[in-house]
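The structures come next, written out as structure tokens.
Both complexes shown next keep chain A, but they swap its partner, so chain B is in the first and chain C is in the second.
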Partner chain A sequence: MGYVAVKGGANAINNSVLMYKNRRLVDGEDIEVEKIKTNMRPLINQVMSEASFYDRDTAAFAIKQAEGNMEEAVFLMRAHRSTLPRLYYSTITDTREMFVERRVSASFKDIPGGQILGASPDFTHRLLDDALKEVADGPSQEIDYKEIPFNYDLNKLPKVIDYLEKEGLFIREPENNDEPDDITKKTIEFPSTRSQRLQGLTRGQTGAVTSLGYAEIRGYGIASHPNIGECRVGQQPVCVDFEDGYGEYFIGDYEMTEIDGFMPDLDEDQDEDMHIKIGYGLVFGQNETKAIAMSVLDYSLEHPKNGVATSDDEFVLYHIDSVESTGFISHLKLPHYVTFQSKLDRMRQGRESK
Partner chain B sequence: MDRKEWSALIARYGRQEALEFYEKNKETLDFDVISGPELGLTMVKMREHAQNSLFYIGEVLITETKIRNQEDVGVGLIKGEDYEFSLSMAFIDLCFKLNEFQNDLNVLLNKLKETEKESVKAHTNKILQTKVSFDMMND
Partner chain C sequence: MSQNFAFLDEHSKKEIRRQTLKAIAIPGYQVPFASRELPIARGWGTGGLQLTLSLVGQEDIVKVIDQGSDESVNAVNIRNLIQSTTGVEDTIHTSEATIIQSRHRIPEVPLKPFQILVLQVPTPEPLRSVEPSERKTKILHGDKEYSGAYIKLFEQIMRHGHITDDADYPVLVNGRYVMAPSPIPRFDNPKMNHNDGLILLGAGREKKIHAVPPYTDVASLAFEDYPFEVEDFSDKVCRESGLSGVYMDELVDEETGETYYMTNDTSYMLEKMNEEEDLHANHR
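Right after this comes the complex of A and B.
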């Protein structure tokens, strides 16, 4: 049987696209991109992180076009990103310079600078709030602001690991300034490098990273409960250097979430002093669950165990990318007439030969 | 004040002032626009703290403009999409390189430094309202 080219369906396809584009306007009002930007911050954070492309306006725009569909919004962001030139690489950016807006430790009560809760849903009741059915003009209740003495600058807040280092419980590795690999320029080869793993994890699909991180600690990998040494969320300054002799140039502050996860020491030698080991998570925007899961997977990939899927870099990194996984799964519903017919032909021939 | 400091001050607190500075002085300085304002990306290189190595977290959207006066090039980089601001920043960068309008720029930057001081103080105090006081919990 040869291939037979067919055509048709153009009208149906055009109408399908039109129906899709018009659907959100049929039963209600259009919504401004600005409203998405201000009302759906966590969704924007997830889209930017999974797209590996930080711009709140573009993310809000993509969410509107995708009707709130995460995978579509991430796809739109990645596609848009591919139309833009990469003009610069930033100088080395360190979260020690982050303007901290939230910083908690689940491991130590008393940390230098204290526990700063910031804005978080952690302590809210998960009950639907009827008041939100109405459009509010402003906050229903204001904070009663008081002067609070504080001996630190929020953009120079010490890290918890600095405190542990002073006690000899954490050994700081010497600075490694090797240029990182870039998985958007060169496909990952296995075994992967550390920079490839961290880049793959930070742009992974939030749900996939979280699920695999959960599996890792629930019983398939380190099978142990890590402690979050530090969770910090804040505004991270980013600079570039044109190397024109005039020094660095500031471009902007970008919200990020960083996790230092204290992990069980899998290389533990009973004869040596024990030290705290870290699994590291860092993502665009405020997305603590993903950053924690990233820290778990970072540690499991750095300390692989035989037969454990979540410590297999190929298994983890090839399956957590939103565009790749949703794209492949989703394409299965598109016409495969020829390939399926050839399968049927083989089955029929097999039956006849019996 | 080095370039990192003045560019941060203006980017964070001085958009309107930068646009006004450009409008006021653009006719008195010869320059050609080499490129932009146009959108582009900057890949952000991070230091991680588990092993102190480097990795890329992702790209950020920027608007870039380049202008020239003979051999000197002024560059304006701004977070997100903001063509006017990017052009104004390129003009200010060129002014610093040519030592032009230094008094005006110093006045502008000193004013923005005050704005920064007040803004950081207010923002810090706002954040600190959520700082846990364990002493109070024991009362």
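Right after this comes the complex of A and C.
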């Protein structure tokens, strides 16, 4: 046995991994996971939403390991998710029971229960703030953080859509109480069901969902923009039923963003009165842009227009998953010399025969 | 964080094995499966890896190759993951392995009965280039409506005077389903026909499993007057080993600028070179 395999590949890979893992420490100081958890909430929200894995600690940990790279952090969360047995589903949760922290309607000046701005970057001027170059001692003392956020009655926040329903401008769809599909346990087959579409959209890559929703309203789909009936952000209580005879167990609050998008009615007959239709968005964490775009795509997929890519469920759902799209695009870096040799053979064959 | 044997939880493995059995029962048919995310990126062999992880037991001996090499980056990476989550033995010798996971090649050493070859598949749908929609290709397979696949080859002949499909050349399995054999070179297509081993193909991102059970008819698509052709290495000799009649890599000698060829299946080449050396040693 004089000849042995060359082990160069394994060594080179090992060194590459070491360089990658230590790069941030070579360049600077380490950071506590806890600091990421409190300082990078919107990033954590996006990662949890795209990973379809609600756990702020694990998300912060994944972000640290990924050095803030979104696709890597989502990937780490998804891979970890695969190792966890999934034993229970939550019982039906009603977003009317949400502990609302922010709630705005773009469709009315005032709404029953009031517009609640909560915390939002919407009204900031996007000027780099020199003060942030320094580390702050604590929050500004200008408002009382215990009082201000909760000066409203949680029991008196009806949904904006209720008002339109009373007037007959919105007709409630018949309830669909079919057991929802779970695309992580059984792959989507087309035509898709609504539960598959909603699950696919809520796990979608934020940028991809936003871009496709934008294309739909800008000119390739409904080409007119919806009205946000209501945007809610808050803590949603979630329960599971172990079927042990003791009823439901409360397992925790999930921060969620919910959108009721008021859409132009595309299916209406000419003689009929006009009605409001709803596109629905619901995502983990405060991710308002994504939730709005989701509501647009939910509607476009529910009411497909012929020849419009953003109302084709295969086109949308097959291409918005972060792990899938980034994985396939990045795999192009892998060696492909066997197939390329096959292609060269074909190209040379063409030249020889001429 | 602590992990289960072979990474995936047992529920997931069971689901994958069930879909694999279905794939074996319907040769060449793409069986949908849920497809878990793995610590390796989608598109980097997660379909093959899920098959391997769902099948591997403590007694198995695993070989992993990419581009014909046990040392290619993808192969090293996948083998490390399998080993770190299972602790099973690995080998570079095709004949010693019980499970062989491969990207882009079927080894030169023929499979034996009860060996399993797992191929990594990027695009399981052979009709995708003629029909982008999944629901439509499903109907085409159901109706055994493969004229699109043949017309594509016909158009290539019209345009270029010969078929231009290179690797991942479509095959008809068991006279029923047209199947993408994964991007193996055409050179490897005939090895699928009446193979002694079990060939499983996994597409993680596209969430499909398909299979060629042992002793199944596998025919590459062709026309009577335009027969199927493999890559032509007939006048090439491996510079390292003197082998011919194998799939070759084309390389350039940096010093002389000369093009030379080397056996692509590196473990096969080593085995052959060692056999040769032993033979010489015995003669002396």
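Going forward, the second predicted complex is superposed on the first by the 333 of 354 C-alpha atoms of A that agree within 3 Å, B and C clash if a C-alpha of one lies under 4 Å from a C-alpha of the other, contacts with A are read in each partner's own complex, and residues count from 1 in each chain.
The rule we apply is simple: a contact is a pair of C-beta atoms (placed from the backbone, for glycine too) under 8 Å apart; a residue touches a chain by one contact, two chains touch by 3 or more.
Since the model is a prediction, treat every value here as computed from it, not as a measurement.
Q: Which chain, chain B or chain C, ends up touching more residues of chain A in the combined arrangement?
A: In the superposed model, B touches more residues of chain A.
Q: Kindly classify A:Ile92 by the partners it touches after superposition: chain B alone (first), chain C alone (second), both, or neither?
A: Touch status of A:Ile92: first partner only.
Q: After superposition on the shared chain, which partner residues are touched by A:Lys109: those of chain B (first), chain C (second), both, or neither?
A: In the superposed model, A:Lys109 contacts chain B only, not chain C.
Q: Taking the superposition as given, does A:Phe190 touch the first partner, chain B, the second, chain C, both, or neither?
A: second
Q: What is the contact status of A:Ser342 with respect to chain B (first) and chain C (second): first, second, both, or neither?
A: Second partner only.
Q: Does chain B (first) or chain C (second) touch A:Leu84, or do both, or does neither?
A: In the superposition, A:Leu84 touches chain B and chain C alike.
Q: Regarding the shared-chain residue A:Ala10, is it in contact with chain B (first), chain C (second), both, or neither?
A: second
Q: Taking the superposition on A as described, I'd like to know which of chain B and chain C A:Lys133 touches: first, second, both or neither.
A: Touch status of A:Lys133: no partner.
Q: After lining up the shared chain so the two structures overlap, which partner does A:Cys239 touch, if you call chain B first and chain C second: first, second, both or neither?
A: Only chain B is touched by A:Cys239; chain C is not.
Q: For chain A, what residues appear in both contact lists, the one with chain B and the one with chain C?
A: On chain A, the overlap between the chain B and chain C contacts is residues 81, 84-86, 184.
Q: If we count contacts the way the header does, which residues on chain A are in touch with chain B in the complex?
A: Its residues touching chain B are 48-49, 51-58, 81, 84-95, 99-102, 109-110, 114-119, 143, 145-148, 150, 153-154, 159, 161, 172-180, 182, 184, 194-195, 198-199, 202-203, 237-240, 242, 244, 246-254, 256, 260, 277-280, 282-284, 298-299, 302.
Q: Mind pulling up the chain C residues that touch chain A in the complex?
A: 1, 3-4, 7-12, 15, 32-39, 41-44, 46, 66-77, 92, 103-105, 122, 132-135, 138, 160-162, 164-168, 183-187, 205, 207, 229, 231-232, 247-250, 264, 266-267, 270, 273-274, 277
Q: Can you check the complex and tell me which residues of chain B touch chain A?
A: 2-4, 7-8, 11-12, 39-62, 64, 73, 75, 77-81, 93, 96-97, 120, 123-132, 134
Q: Quick one: which bits of chain A touch chain C in the complex? Just the residue numbers, please.
A: 1-10, 13, 75, 78-86, 183-187, 189-191, 312, 314, 318, 323-324, 326-331, 334-339, 341-346, 349-350, 353-354
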